[in-house]
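Below you will find the structure I want to go over with you.
Note that the chains take the letters A, B, C and D in the order they are written out, and that residue 1 is the start of every chain.
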Amino acid sequence: MNAKANKNQSSCIEPSYYQAVTQAIRTQAVQVLKDGTVAGVVGYLPGRRKGTARPALITTPEEAEKLIFSPACVNNLSVYLTKSKKGVLKQGRIGIVAKGCDMRALAGLMGESQIKREDLFIIAVDCAGVYGSRAERSESVTEANIARKCHECTVHHPEGADFVAGAATELSGLTPLEAEEMARIEALPQAERWAFWKEHFSRCIRCMACRQVCPFCYCEQCLCDKNRPQAVENSPRPAGNTAWHIVRAMHLAGRCGGCAECERVCPMDIPLNLLNRRMAKELKELYDYEAGLAPAEKGPLNQYKEDDDQSFIK
Amino acid sequence: MPQIITEQNLRNLIDLLVKESKVVVGPKQADSVVLYQPLAAGSELTLDSLPRRSAKELFFPICENILSYQRLDGKMQVTDVDRSRFPETVLIGAPPCDAASPAILDAVFSWDYNDEFYLERRRKSTIVGIACTQGDDACFCTAVGLAPDTDTGSDLFLTPLKDGSYACKAVTEKGKALVDAHARLFGEAASADAAPFAEQGTEKLDLVKIKKWLEGHFEDPLWEKISDICVGCGSCAFICPACHCFDINDEGSTEQGSRRKHWDACGFSKFTNHASGHNPRDVQNKRYRNRIMHKFKYYDDKFGRTLCTGCGRCVRACPVGIDIAEILSTINAKQD
Amino acid sequence: MSRIGVFVCHCGENISRTVDVEQVASAAGEIPGVAYACDYKYMCSDPGQNLLKKAVAEHKLDGVVVAACSPRMHEKTFRKAASAAGLNPYLCDMANIREHCSWVHEDKKLATAKASDIVKLMVERVKKGKSLAPITVPVTKRALVIGGGIAGIQAALDIADAGHQVVLVEREPSIGGHMAQLSETFPTLDCSQCIMTPKMVDVANHPNITLHTYSEIEKVEGYIGNFQVTLKHKARSVDESKCTGCGICMTKCPKKKIPNEFDQGHGLRTAIYVPFPQAVPNTPVIDRENCTMFQSGKCGVCAKVCGPGAVDYQQEDRFSVEAVGAVVVATGFKLYSIDRKPEGSPIQGYGEFGYGAIPDVIDGMTFERLASASGPTGGKILRPSDGKEPKQVVFIQCVGSRAREKGISYCSKVCCMYTAKHTMLYHHKVHDGQAYVFFMDARTPGKGYDEFWRRAVEEEEAVYIRGMVSRLYQKGEKIVVMGSDIQVGVQVEIEADLVVLATAVQAQDGADLLAQKLGISYDKYNFYSEAHAKLKPVECATAGIYLAGACQGPKDIPDTVSQASAAAAKVMTLFSKDQLERDPVVAKVNEKYCVGCLACKKVCPYGAVEEKEIRDRQGNLVKVVAYVNPGVCGGCGTCQATCPSKSVELDGYTDEQIMAMIESL
Amino acid sequence: MHAEAKQHDFEPKIVAFVCTWCTYAGADLAGTSRMQYPANVRVLKFPCTGRIDPVFILRAFQKGADGVLVSGCHPGDCHYMAGNFHARRRFAAFRALLDFVGVDLHRLQFSWVSAAEGGKWVEVVTELTERVRAMGPMLEFKSLEHEEQWSAFQAMADVPGVVNTPELKEAYDKI
């Protein structure tokens, strides 16, 4: 899948790799801003606290000199193309820094007519990995602090970008944590699976961070905010929470690119990406579909084949 | 010499209180997170990390029924909540940034309307605060006028000592009563050497100056600059010890159901959505501005207090790294 | 608060026998929003409908639920009544407490409880219902008739005579269908071709009929009043506009020994041919598989002899799009064969009859050709194997039909009569011959039919044996037929010279594929389904598509012609107005909330969803949203279930209605 | 053919979401053929299985259904050509999701019942009803409905109609 897969693997990603990516992003961003290719660039700036970063929209070459790429650059910036940054797109082309997992969202959004390829200048990151949620912000990245999603990353080396920053050396021998956890849950007796999710969903406070950071939750009126009729209870009680997370997973089925932002931002540590991954696995098995590998005209749930599996139908 | 309680006796105290049919709430591990939760035994108390949600839910639950209704024999019957049945509650192990929050919130819940749901829970609760030894670079309690050893809001305040026990200070009558009722668990201190308090990451802020700046800058380029990356979730508000907005929803059918009060957040796009469809806070930076304004100006205007305890939860949790301490520093540094 | 009226029907005793209708009515009266509830013996009767109308006025009702039979039965009746009372018809719904309750449950307590629940569901639905106004769409007054047999011909002529344009499509080189193959017809024994060919000529000469033979339906798009049908004109290799029908090509064609399908393979034809002399059009077609020119590139005789130069070996399949407002499906039938069937096929062949390998065991249609004056034997009954005149002929009825073990349980309806006819034709032609008929029952409902059958038995000396044939086999020149006479209770063995099987009538090959193109439903035998067995026997459930003839089920000629005229009448009714009123159950987009992901467009089976640009007053593009063309929307609601934000909503089945129903459970 | 009027300890609530063209008509046929089946099923009619949103199934379970049946036209028979094909994929995915969160799929039945299959309708409904009856009530979603976050401290008065705030009492009496 990765034409230029880097076979050199290591047990620690050194700060020098991130510095190199940072430098490449800065140079490219300055150039495209200077020559007028783009009206702005969505990238990362350092945060106040050491070892943190945050998204930023920059519009001048001077600001572009401050862009960074560090293990703290966890955000999927494509969320800004459909939500708060919608306006920027109208002023012209926009540059966006995107990791491989973020690019899957971009492809999905193109397929859903939310963005156009020609409106974007994609500065892709050949990505070695980023911090996990609440991981220790040491300067180098190891198995101990790399994000769960990065353990099973298949898109280290993104394709189809306008520019690729850096050359990643992947960590070797990472345990596929999510796959193992998914297999563990699948193997549980049905009642224990229910208990597992019930415990997690009950903790949910409905802060909607999962929805708000999701590049695909771009509806102007979320079904779950509607009260006439009320399909999902608004109140943060176990009943409504369970319904919300089921509906969310269903709405993302066949669309989610696996950036796992929902799970990262959950203040209650609900393993939401497991749901997304489970759906992705099902759709891969049933319809041989993987979301976001390329802009697709139709997702797996808005197309069909006459001989689709119907073994579950009497 | 002040009174002390050993860690073991603190746990024993919890066991005793549970036996007395009191609800004891304290930090407890739940999967990977620590949350304030009812403790079944003293052994469940976890004191090594700040709970992910603040302690406000003890008085201001995430969601509570405020009445229920049912059609019986063709007539709608409304059933109120029997608040006299709220249990006696002891909150144990709240750091100053959490213990201080009810003291701030009392004002708004007993202002033009006495929120008996909140107030009854307050009346029935005793807060055992604990001085904080575990700050990180997101903490800024000192910047907003509190400190790792502030006993504001606590009925009984514990200060960790180097020998592992806690110095006790009865701040209120409630606190004194708690000590008196279980006197045998408390002893005399051998030494009063307090463990080192938590370090803070920010300088002290001039809250008066900040408020003054806010008064003159309802419209300011700063708002767009700091909040244009806000994605409009409610995680900052929901885990905040001071945010107290709520929504009321009727849930159920035309036959029976409940009226529920639950947390709401000014960051949500629908928060100020009018029935007409008009939304005065139509873009995210206006919503984020409200968060800052409410905390550092409006609440002070009305109640003379700052609506922030500097716990740093929002700094840690913000999905996009918006840092309120940094914003306050920026405003603090402004000259105009 | 709504003011709903609930009317609980007894349906004589059909409902009240198992459902306590009074209790259902009184429980309905307790439902919030129900202003009036009563029960009545026959709601669909005039007094019943008047009761409803009166109650609407008296109690100022703003919605009505009639708890009675299936809405498929009387929804229209009550909506009309509600409408007459000044209520929007879409605020009148039926609670099906008969088909779904009283008829399927016996426990009165349970049935009553269920009926009350059904009423409650429908009350909630009506409460959240909206007034809907019919949608008007223009009607293209041009009809498509698929199939050029007697059904299609009759329908086409009727519609054309009414002054409307008709496109008649036939997949064979000539129209005429099965009726053109028949010798004589029951019960009058008039010559089939004598009555058929004039109609075929009428079709060819009718100014309002455009005939496309050797053509098939490729694709059907659109909806009632506005279909776009793509036709595939198979390459004939003869230019119809140039051909004069002189026939010299056929006489000169060197390939002369091809079994003629029209004669059931018993006559011979050339590679360039017309199926039968009276074919319409009389333009030959080249059978490319058997043509030397096409197979080896060497010959070209027909092109050389053709004066007008009509033969065109390069001709390719051609496609055309026809805009029509209505479609009559008249694709007819095929005959069951006793041949071995593929593995796993639900329909079985007859191993006990030799799987069709015995040459003198033929089917009824072959007998028709043998008896036909224009047939391969010139009307003489000669058996296929050696051309001898058979003296003992055994006719076996119900071969495949009513034979559940062979996979077909229905009666083919025409065999009793045509077998009786065959015995007569045989007796007329072979005076010293003897006909035997093995039969289960003689089914002769039809004008003059039983008289006809009796004539066969009583006057024409056919020996009817009530019983089945268990086996037959070749023995020398004879075919031994072993059967039983259950009336006498003995085994019968007849050494026959010829055996004629009355094989079952089956749906045409590919009937299911055509149905899928048309979007009409079909039964498990691939016969097309009418919208209602009794009251809408001609209409399909898909609006604007009508059925005629044996494609819907076995039928004889009079029934076929009647139905064809009926279908034509339905088409004329549709064409009687310039605008058609359509059911307003269509999807609408909420443009405020639609974000233009266009998932709805991707799933819409009708292509009804278009992109629409929303612009501000200055003309700047604000966003692109989905737009549903109400004229094209079929009302399935797949878009709404797909839309993540529910920004598209199907009128009549809104989320609010459905959720309210679920809440009430 | 006469069904025995057996008494069961538990009568499940079965909700059926059916399309109007095939399964609803098939159920009508069961009626006109006077077939017998358990009275537990409540039918909600949709134009097409394509209209059936997974949320409806979820909602039905939340609102007390012990079993849910979704039934429509056989592939190729859809009155709307493709609605059932889309539904088929949607429900295949939804089943997997429900299974993963721990819902017993024996409570959720999908079927194709054509207008001609009155007998199959009876068979499907009877089988699901009996299976769910043997499984007992669907407690998962129902019990969730009554669960609260710990801090809510359920304290509803025992007696309905007890109104102990003067404001509420006053407001209530005005109704």
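Note that a contact is a pair of C-beta atoms (placed from the backbone, for glycine too) under 8 Å apart; a residue touches a chain by one contact, two chains touch by 3 or more.
Only a predicted model underlies this, so the values are computations on that prediction, with no experimental measurement involved.
Chemist: Taking all protein C-alpha atoms shown, work out their mean, then name the chain whose own C-alpha mean is nearest to it.
Modeler: Smallest offset from the overall C-alpha mean is found for D.
Chemist: How many angstrom lie between the CA centroids of chain A and chain D, rounded to a whole number?
Modeler: Computed from C-alpha means, the inter-chain centre distance equals 35 Å.
Chemist: So the centre of each chain is just the mean of its C-alpha atoms; given that, what is the distance between chain A and chain C in Å?
Modeler: From the centre of chain A to the centre of chain C is 53 Å.
Chemist: Please compute the C-alpha centroid of chain B, do the same for chain C, then give the distance between them in whole Å.
Modeler: Using C-alpha averages as centres, the distance is 72 Å.
Chemist: For chain A and chain B, what's the span in angstrom between their mean Cα positions?
Modeler: Taking the mean C-alpha position of each chain, the two centres sit 32 Å apart.
Chemist: For chain C, write out the residues touching at least two other chains, lowest number first.
Modeler: Residues 592, 603, 642, 655, 658-659, 663.
Chemist: Two or more other chains touching the same residue: where does that happen in chain A?
Modeler: Counting only residues that touch two or more other chains, chain A contributes 223, 230-231, 236-237, 301-303.
Chemist: On chain D, where are the residues touching two or more other chains?
Modeler: 54, 59, 76, 82, 86, 90, 148-149
Chemist: Chain contact graph: line, ring, star, complete or other?
Modeler: If you draw each chain as a dot and join those that touch, every dot ends up joined to every other.
Chemist: Quick check on the complex: what are the chain C residues that touch chain B?
Modeler: Its residues touching chain B are 30, 32-33, 592, 663-664.
Chemist: Would you tell me which residues of chain B are touching chain A in their complex?
Modeler: Listed in rising order, the residues are 30-33, 35, 52-53, 62-63, 137-138, 201, 228-235, 237-239, 247, 249, 251, 260, 262-263, 265, 268, 270, 283-284, 315-317, 319-323, 325-326.
Chemist: Under the stated contact criterion, what part of chain D meets chain C in this complex?
Modeler: So the residues of chain D in touch with chain C come to 2-3, 5, 13, 15, 21-22, 24-25, 27-28, 30-32, 34-37, 39, 42-48, 50-54, 56, 59-60, 63-65, 73, 76-83, 86-87, 90, 114-116, 122.
Chemist: Could you pull out which chain A residues touch chain C in their complex?
Modeler: Going by the criterion above, the answer is residues 112-114, 218-223, 226, 228-231, 251, 297-299, 301-303.
Chemist: Which residues of chain D touch chain B in their complex?
Modeler: Contact set of chain D toward chain B: 148-165, 168, 172, 175.
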